[in-house]
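Both complexes shown next keep chain A, but they swap its partner, so chain B is in the first and chain C is in the second.
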Partner chain A sequence: MATTASFIIVSRNDIPIYEAEVGSATKREDAAQLHQFVLHAALDIVQDLAWTTSAMFLKNIDRFNDLVVSVYVTADKSVRCITLKAFSIRYFLDIFKHTRLMLLHDSRNDDGIKSFFQEVHELYIKVLLNPLYLPGARIASSHFDTKVRALARKYL
Partner chain B sequence: MIGASKIKQYSNVLEKPLSKGKQEVSLSAFAFLFSELVQYNQTQVDNIAELERRLEDAGYAVGARCLELLCHREKCVMFMPFWLSQGNRRETRLLGILSFVHSTVWKVLFGKVADSLEKGTEHEDEYMISEKELLVNRFISIPKDMGTFNCGAFVAGIVRGVLDSAGFPAVVTAHFVPMEGQQRPRTTILIKFAEEVLRREARLG
Partner chain C sequence: MDPAGTPLGKMLLEEITPVVMVLRTPSVEEACVKNGLSFVEMLSPFCNFSNIDVPLRTSSDQPYRLHKFKLRLFYESDVRQPNIEVAKERLKQVITKAGEKENLELISDPPQVSNLLDSSKSELLPSWFEYLNKELIRTASFSEHETFDHPVGCLLVVSSKDEQPINRFIDLFNTNKLPSLLNDGAMDPKILKHYLLVHDNHDGSSEKASKILSEMKSTFGTNECHLLCINSSQDAKMEHQDDPWASYLKDLMHEFSSKHVIPYMEQKVRILNQQVSATRRGFRNQIKNLWWRKGKDDPNEMPSGSMYTFSSIESQIRVLGDHAFMLHDYELALANYRLISTDYKLDKAWKRYAGVQKLGSSGQQNATRCGLWWIEMLKTRDQYKEAASVYFRICSEELLHSAVMLEQASYCYLFSKPPMLYKYGFHLVLSGDRYRKTDQIKHAIRTYRSALSVYRETTWSYIRDHVHFHIGQWYALLGFHDVAVRHMLQVLACSHQSKATQELFLRDFLQIFQVSGFSFHGLVSLGQMLSYIKQFDLSLCI
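Entry: the complex of A and B
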């Protein structure tokens, strides 16, 4: 099944520290920019939602056409999002942001996505435990990249 | 390597399992390492405030990592029912994160929960964690000419790292509080939360 999926880890300064296109569909040229745009647009929504619940996995928080954004917020407030588009203007009620994992996808595979997020979260913790790694810096490790893509193939 | 090794060799740290880790670490090794840390910083700075700040920064890095790791380990406890371990829990409320620091973090770092957690009476945004004797201070004596310097600044840094990473920015300091009838003063970690934390708490109700 061909799926489009774009995965980003966003640090607390809203700077992406890791991004990858993990879908299996063929990529259009403008797909990457579109996905990034959608993911960033969804950040506001995540911001509001993150403080209302103590869960880590926030399901489908945003939609765009047929794409959906799912988000996983880590304890140190890192956000991971799966992208879906949404346009909205929100006022910042809190300046403080977590690190987020975001995924943009077009399938409905909630359980698979949740497991994917949990596994990548573990990888992220291992990267974070490195005393020489500055929290909020880009993750440039090729091992990390390989493992994330393998996980994406497995769960998405 | 000489000899048969039964330990599985991992080619990359990312493949190592995030296990419970060692429950015990040698106290003397830690005391030695900590004393070297303090001595090294002493040679680099001119005054006490700078030394405290450096120890705090060292603790901050520990605290940030501690939070993530402990949240993850808490979720992965073996004897928890399957459904409970599915949803990770993170702290969004002030009292939640304070009791997390007071019990879980202290237990993992020092082997026991902190002695007490109190709310300050004068200001709304102040909380205090007290300890009869901080582990890091056990083998340290402060010379008279260093005044109010407290090596507990390292622990204050750890607490600040945990709170800051969890979304509760605060100013955390360590103080000696003399107690009647005891030779060594009690140590108190004073936590003063930033304005926005209280606003958010009020808004969340």
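Entry: the complex of A and C
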């Protein structure tokens, strides 16, 4: 069955450092922008939740029509200089936002999604270990991209 | 917890009040018209109590006193739904007119997020929301689903001049002439009845009237009958407050409300609450309902009409909730509304499966009205996030209606603690999209401009492109080409987009730029422009 799935890795500054449409359904023109809007809006919810639980895998935290957002919060707390944007001042804790793996999906496949997140997380850690990679920058490696897409096909 | 503090809350407290239907003979009306008023107009001022001071008990037996109370009087001919199409058109006019605001503000830079967060709610919220919500609620009046407006009681009024007054009383409650609400099973036709004999002192002594009154009392019961003496003046003007007979009116309505209507409603709440508790609540009953649901509802269902007749449990919960609300027992009201919302969801699903079409627009209006009330309650408890989700839920296929609901939802996200700015932006975009689809371009620009406070420097490429491109197009539509170009420039570096989209962006940009050509006062130097274009796939330019 054709599924819709959009995967984004969001840095601590709420900047996307990696994006991929990984669903099996054919890509529609306006789908990409809707997906970005929904995932972006879900960041507010993640922020609320991330501090109430120590779990990394947060499933189905938000929805829009038949699209559901699941998130995997990584534990990297590397010290960085963050520019304090106006809305961060309000909640001091915002400074310590984690890198988040976010998936927008329409299927209900919690186990598959969790496995997908865990394996992508491992890939991400390998990227971080690369001394030439600047944390918070876009992940441009095509190797990474290929592997993520393969994992998506396997688990989603 | 009292929603009376908010404007909508105040309005709801005035509008969601018990309805008393008035049935009167022509002679009664004549007597009043002599004074320049209809019977309802004459009595209505006396139906608004700032401190009726009636003791009541809540469902959990807590005593409290009712202070503010109001009755709404309607003639039987008015107890029906207002014309939906007319109402819709009026709402559209309101929205269009509201959009005709200062152009200067429309083209100025959107506020910084920090300013947004520091502004008060009244500074940010468009002022016409309140009026629009009130109108939406009014258009849902008197539907069979909306039990707020179902009369709780009835005043039968006959004049002392009428022949055979007792028979006239009986005739008045003739089912043929009664509103369909009472006849088609939407509400319980057994309502509180009160008999009023009107005697105009101008017509002679009240001896005859007293005789008729005793006859009434022996026929209908001592407590249910009253004599109202009015004093028509020679000329058409009615005399005001210091007129002695005005106090009769006040006392009459006071007694009617405090000794009849309110106790009657309280009793009804008690009975319904017991019934509802017995059948609805309780874990065991919920399971039972899941299994036995369809079998139970079949006898009540009418294939062509509504599913909820007055005797169905869902209808009873609704009446219970409404009565509780009107008697200011908000906890009980809220509890019952929660029950209903789950019920309606299940039933909607069942209906779709069975292929039965619900009454379309009136069902939606009912949902809107109920939703707006619920939202008001949530807002007074500072539950803005929940309020936003209710706004989202009461959206329908009706685009303009959805646009306004989505915009109101966005503000709820902004006002929640902590503020959900991304949700705010997203719902503004959803709203603006619908405004555009209903040709409300100024509103579309207004919402997208507000969204830009959040999205101004976003790195999410598709979001950026979407907002800047569309607002640029719309500015161009209205002739603000300078501003349009400024926004279009933001989308030119779009190598992430498909080829078709890139072409579209470039083409529109060039079109707009061409038109603005001479008015574009070097805001962007040619060099800057070229640096944007450099990032393009140059094959497009050929």
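By our rule, the second predicted complex is superposed on the first by the 136 of 156 C-alpha atoms of A that agree within 3 Å, B and C clash if a C-alpha of one lies under 4 Å from a C-alpha of the other, contacts with A are read in each partner's own complex, and residues count from 1 in each chain.
Please note the rule applied: a residue touches a chain if its C-beta (ideal position, glycine included) is under 8 Å from a C-beta of that chain, and two chains touch if they have at least 3 such contacts.
On a predicted model such as this, the values are computed, not experimentally measured, just so you know.
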Return first, second, both or neither, reflecting whether A:Leu123 touches chain B, chain C, both chains, or no partner chain. first
Residues of chain A touched by chain B versus by chain C: which partner has the larger set? B
Given the touch rule stated above, what does A:Val68 touch, chain B (first), chain C (second), both, or neither? neither
Is A:Pro135 touching the first partner chain B, the second partner chain C, both, or neither of them? first
Looking at the overlay, what does A:Gln33 touch: chain B (first), chain C (second), both, or neither? second
Does chain B (first) or chain C (second) touch A:Ile113, or do both, or does neither? neither
Determine, under the contact definition given at the top, whether A:Ala41 touches first (chain B), second (chain C), both, or neither. second
In the superposed arrangement, which partner chain does A:Ile9 touch: chain B (first), chain C (second), both, or neither? neither
In the complex of these two chains, what residues of chain B are touching chain A? 12-16, 18, 61, 64-65, 67-69, 71-72, 86-93, 96, 165-167, 169, 196, 200, 203-204
Which of the residues in chain A come into contact with chain C in the complex? 15-16, 29, 32-33, 35-38, 40-45, 47-48, 85-87, 90-91
Chain A-facing residues of chain C, complex: 112-114, 117, 413, 418-423, 425-427, 429, 458-463, 465-466, 498, 500-501
Partner chain B, residues of chain A touching it in the complex: 50-57, 73-77, 93-96, 98, 114, 118, 121-123, 125-131, 135, 141, 143-144, 147
